[in-house]
Amino acid sequence: MIHYLAKKSTMANVAMLGTGFIGDFYTYSLHGKRNRDRVVAVWSRDEERGKAFARKHGIPKWTTSMEKAIGDSSVDLVVIALPNHLHKEAVLQSVRAGKGVLCTKPLGRNANEALIMLEAVEKAGVFHGYLEDLVYTPKTLKALDAVKNGAVGKVIWARSRETHPGPHSDWFWTKEISGGGVLLDMGCHCIEIARNYIGKDIRPVEVLCWADTLVKPIEAEDNALGYVRYENGAVGQFEVSWSFRGGMDLRDEVMGTEGTIWVNNFLRTGFEIFTAAGKQGYVAEKAESEKGWIFPVGDEVVELGYTDMFHDMFTAWEGNFSCRETFYDGYVVNEIMDACYRSAQSKKWEPVTLHSWRGKEKAEPILSLEEYDANYWLIKKETMPDGSKKLILKEKKSGTIVQKIV
Amino acid sequence: MIHYLAKKSTMANVAMLGTGFIGDFYTYSLHGKRNRDRVVAVWSRDEERGKAFARKHGIPKWTTSMEKAIGDSSVDLVVIALPNHLHKEAVLQSVRAGKGVLCTKPLGRNANEALIMLEAVEKAGVFHGYLEDLVYTPKTLKALDAVKNGAVGKVIWARSRETHPGPHSDWFWTKEISGGGVLLDMGCHCIEIARNYIGKDIRPVEVLCWADTLVKPIEAEDNALGYVRYENGAVGQFEVSWSFRGGMDLRDEVMGTEGTIWVNNFLRTGFEIFTAAGKQGYVAEKAESEKGWIFPVGDEVVELGYTDMFHDMFTAWEGNFSCRETFYDGYVVNEIMDACYRSAQSKKWEPVTLHSWRGKEKAEPILSLEEYDANYWLIKKETMPDGSKKLILKEKKSGTIVQKIV
Amino acid sequence: MIHYLAKKSTMANVAMLGTGFIGDFYTYSLHGKRNRDRVVAVWSRDEERGKAFARKHGIPKWTTSMEKAIGDSSVDLVVIALPNHLHKEAVLQSVRAGKGVLCTKPLGRNANEALIMLEAVEKAGVFHGYLEDLVYTPKTLKALDAVKNGAVGKVIWARSRETHPGPHSDWFWTKEISGGGVLLDMGCHCIEIARNYIGKDIRPVEVLCWADTLVKPIEAEDNALGYVRYENGAVGQFEVSWSFRGGMDLRDEVMGTEGTIWVNNFLRTGFEIFTAAGKQGYVAEKAESEKGWIFPVGDEVVELGYTDMFHDMFTAWEGNFSCRETFYDGYVVNEIMDACYRSAQSKKWEPVTLHSWRGKEKAEPILSLEEYDANYWLIKKETMPDGSKKLILKEKKSGTIVQKIV
Amino acid sequence: MIHYLAKKSTMANVAMLGTGFIGDFYTYSLHGKRNRDRVVAVWSRDEERGKAFARKHGIPKWTTSMEKAIGDSSVDLVVIALPNHLHKEAVLQSVRAGKGVLCTKPLGRNANEALIMLEAVEKAGVFHGYLEDLVYTPKTLKALDAVKNGAVGKVIWARSRETHPGPHSDWFWTKEISGGGVLLDMGCHCIEIARNYIGKDIRPVEVLCWADTLVKPIEAEDNALGYVRYENGAVGQFEVSWSFRGGMDLRDEVMGTEGTIWVNNFLRTGFEIFTAAGKQGYVAEKAESEKGWIFPVGDEVVELGYTDMFHDMFTAWEGNFSCRETFYDGYVVNEIMDACYRSAQSKKWEPVTLHSWRGKEKAEPILSLEEYDANYWLIKKETMPDGSKKLILKEKKSGTIVQKIV
């Protein structure tokens, strides 16, 4: 367990920009359980929606003026829960008002937008957080700790998969607003998860991406796959789809030289219900069926990382230090995705271009020779059913590979 | 999701009695994440332990006088995290001070102690909560909602299992202090979980229990099994052990006439790590091995129900209503366990004696005849591989059972 | 892997009695894959059903005379796949013909019938096998080997669960024919599985059983639960239901002093399909739904133990030795079930009466004191998060329990 | 269940070439259970190894002359269980002797070798089978049936993963003998599994492959990943590693327009053992640890597909028809792998060159527009928590995407 001991009982007052699905989710997280933070103002371009949202969540103020919401004197931090094409403007307004700002994922529709936002917050010196919730799921946080403690040795590969039957709102499906398809929408999660496992200080060097519109009659891609190669040779693998059937599949896998990690955040978490009752016996959101076997999660807000994300960000804001996921991380992810789109076109590996690199200049290689004796390197050791050990060895001088039972 | 909207931002100030394993856990829960409640005073019979605990958790006051801890003017609620033999005295002191009181499980070492505590809090009219955390795991809360919504029809059986390799502290193993063995220590969880699924308003009628000391050289039982029969015919089944190997196993299963629920709270929750690194690559508490496959949970405090438990209790206290698990529930569980101990001795079913029953006077039976047509009851309908339906029918008049393909 | 090397290529010629669901399954097993055994004659009381069955399975002879089927000169072994009330007569006819006989489960409708059959085959000296397939599932065979090799230490508890939404044919539901309800139908499996784990040479001493008719409008019990206590203190726990929803649930769990075994034979075996296609996209038998998540097994005949069961029995018959499950085992199971029915009536533990006991006269106790040093017994050793070891010790002289960090 | 009814009781007599790990496995499969086929001659270049193998498996003849083994008059079929560099010669010898021939995977060290073998068997008209066991696991066979029946709609993506800590024998690690690293050794499985799911009649068009030597001090790749794009747009994804920790991981996943399939063939199959006993309590092969949680499979020979593979091949041979996996399939896989090696070098998509294509000339596209009404295409339909349906629609004329609640 990571125990944060917040000794002083400060709280954060938030302006929520946006009243859609994700604004709802964020507000539930912020007002949930015994949480001490509050949304004090909400902005919606639609008066009625803003009012309804405020009433539903017990928010004292609502407004159709983004400037007023952000500039309200009671507001400490701005949370951007808007469609992608509005992120930049909202960030810039927050910066102008000198307010800290937390922005939902992806940061920009492309790296250019993201860079503008990054430079703006850094130049102004305001607090900034990149709302990449899936890096904060309780399992992921514990798994990242295990990696840090050396439990799996050096990470050589991390797979992150996010698939479901398609997003809730029309704007996702419209490329001008969203900036892209499933790669932009969900690839950003997978890329950042793998980057966390492999090491944020290891430079992402190049990417290979396949993207296609296979099932849905849309302009953008509805399926995408790809690899991000890091400087030390490790590979981050992402798989995203808007045409998966069966619910929402959020799984990560990590291979290290000394171990393995398997995380299932949503569809198989030790909670299984069979119901023959149908609609009248309502069980869970996001299940694709009303009858049969259904797989809910316990507390969705916790399991999807919202609770730990806001905890980290508000505690960092209070304490005046940097949170786990900043606009710089959002920018790096946007650069990687831009390279992915180039690769999907060029059909070859494309370099990741980074305007600023803040990690290690030189990464250590993964491979480390293990000596067996003066003459041999050890390739593999295996216990046989009879208890003997079988060794695969490589003669140092000749390079010849031999086996040996000891 | 259950969304509690705490509109006013009140907070609870707590006196923590006890600085052991469970006191630690409770305090972590209360001070965790962005929680607004605080432990403001801690009591330990040992000056040094109290001081160390206070320093570790940022608690302003510590004392070796229970009276002072409870009576401190800043204290709203008392949390009892003490060995079983001290519960009664701590409750009575809290009542004398007019403070609300939350007591860890089991409420008493026996029903008699529990009844005294129940009568004391009710007579004094103070707020009281029974800290039965496992009824509050996020999965259990959602499963109970599903049951309430009719997703599984009428519950006919609920199995609850809690096993691990034995408790952490010496006092558990000493019968005079604890009041019993694994049945008292963990059976209380299982019995109350099953009771929640079957319905707290359905009277527990009789119990059958086997208890034995099979593995550990102790006086009390280290393994126990049993059934609690409810008035409507449903059965709650419990399985507890202090000699289980492989970690901590917390699983519940529910059979209903229309569905099934399987909850795994701890050992298989979609999080799996293989480590060959051993001690230097520390992964998780309570795993029985340092190498090999290990199965942590995400956020232990959440998954074990502590977060939702305190949320419910403090919100109920603020709102002046009753929480999910009160001293009455603790008392009922103690009565059921007393009957279990009698049954383990008498080797037969033993009635559950309840000094006061607050549920339904008469429970509806589970069985409800489904009519097929004027002449037949339907016993079963099955779809065959060829798509036809096979019916098993019972002739109303004769009682003869026949099959029919339609 | 257990590798049987059948050096001589003999084969078994079988008379199949019965053409229902189980006769079908047995014949598929015998004729499946590259199997060398054949059904050469089939008996059905109905000419047409026998003929159709013969044609479907490529069986050369069919008859409505049981005597002719059994007595056919090409027949080596008789397989009884008949409703329970016909077992005794079919066994006695086989014995009269001097043929080896394999009988489906349960052996008798009660211990009395079973004893008559046991005495008949033994007196005549014919080969006999008790077709208890679930003891032969590949997982169970490997788990039993692991137990034998000491992988889990001494077994203290074995749970076996078999539940589904009710049997296929009308005769199961009619007590005069079947001899009982779900306890007789499926409890026989669970009881024998647990007996195998605990040790067939350990005497089953007494039983406790709850049985009720909760959901189905029938005379016999549709749900039953119970414990079988063995002489060394170990407990076999069974759970059977004809009102389970969600498919067929076949799970076993074993607790040993040094380990744990979990076997899932059917509903969660690493094979999961989500289908939105419905009837037109047929997936699997026994799934309770046509759409949604469905959990087939790979090869049903293998996974349910039929392949290994006939392999063991025919190989034993060829080699002139005894198979794993004989009529004696069937008899013991019937005695245990008779005691269960008595217990369900008397509501107390009932002794298991055995006309002949062929196991150990005296079982070793499970408990074995582990010495810590000259003064203390060791109760428990636990590694703490900081790497220290916490010991729970019992002073030999005083019996006082203390904890110690080392 | 697929029920093959072999009406005539023929049997196959086999010459086994090779006495290593895979020769052993094949022979166990052929002699296992009540199987009717026999190995009648074995070849090893080493007299003593051949003799020991023959004795162990009850094989009447052994020889160091491959010609004699193949040419033996009792031999019907030759099974090649040899290192990769010997496949071609053994196939050509079998062809010269006019014997049917079954060859282990991969067929050749490259497509050129495979093509020579393919042309040889086809020109001679001898029976040929490609021993791709993992396409024959019982779960895979049933899953392929489900796909064929339309249960998952059109397949758009199939992932196949095979990883373990490295092969048993020295020759695998030596590129001149094996022809390549983990891609050749295990990629062949994954590629053919995905090809079966997507459709063997759909042309594999191009591949993208990453391969690296990350962990082991060897010349060939120890990790490889890649995509095979089929003509209809579907993608087969493979993941192979010789540096995975935790056992052997064999998993497949399929996404279809109407459903999902998840197959786990080895490491999580509903069989879990915790053992604290260590070496003295032997549990299972291929587990990477002696203590802790271990995950065996039931019957390894069945679960890995050997039983069903030989069943299919020998039954096809008897019946004079073609088996599921022929040398043509082996050749296609080799071509795909050759393209993968080219891609790993060129760092871009590489076309798959096929000397002969025997599938469809033109594949149907996956995308099929679903009409909502005269003006709109349907993109997505979702049931909301309140029971309403939310539609995402695309206006036919304008291409504008809108949402609508109904």
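Chains here go by letter, A, B, C and D, matching the order in which they are written, and residues are numbered from 1 within each.
In the analysis below, a contact is a pair of C-beta atoms (placed from the backbone, for glycine too) under 8 Å apart; a residue touches a chain by one contact, two chains touch by 3 or more.
Because the structure is a prediction, the values reported are computed rather than measured.
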Quick note, more Cb pairs in contact for B-D or A-D? It is A-D
CA centroids of chain A and chain D: separation to the nearest Å works out as 34
Chain-centre distance (mean CA atoms) for chain B and chain D, in whole Å, is 49
Going by residue number, chain A touches two or more other chains at 152, 245-246, 258-260, 274, 276, 282, 285
Among line, ring, star, complete and other, the chain contact graph is complete
Counting only contacts in the complex, chain C reaches chain A at residues 245-247, 274, 276, 288-289, 291-295
So, in the complex, the side of chain D touching chain C is made of residues 1, 3-7, 9, 11, 28, 31-38, 57-58, 137-139, 141-143, 146, 149-153, 258-265, 268-277, 280-285, 296-303, 307-308, 310-311, 314-315
Chain A contacts chain D in the complex at 152, 156-157, 159, 163, 165-166, 168-170, 173-174, 208, 210, 212-219, 223, 225, 227, 229, 233-235, 237, 239, 241, 243-246, 255-260, 279, 282, 285, 290, 346-349, 366-367, 369, 377, 379-380, 382-383, 385, 387, 390, 392, 394, 399-403
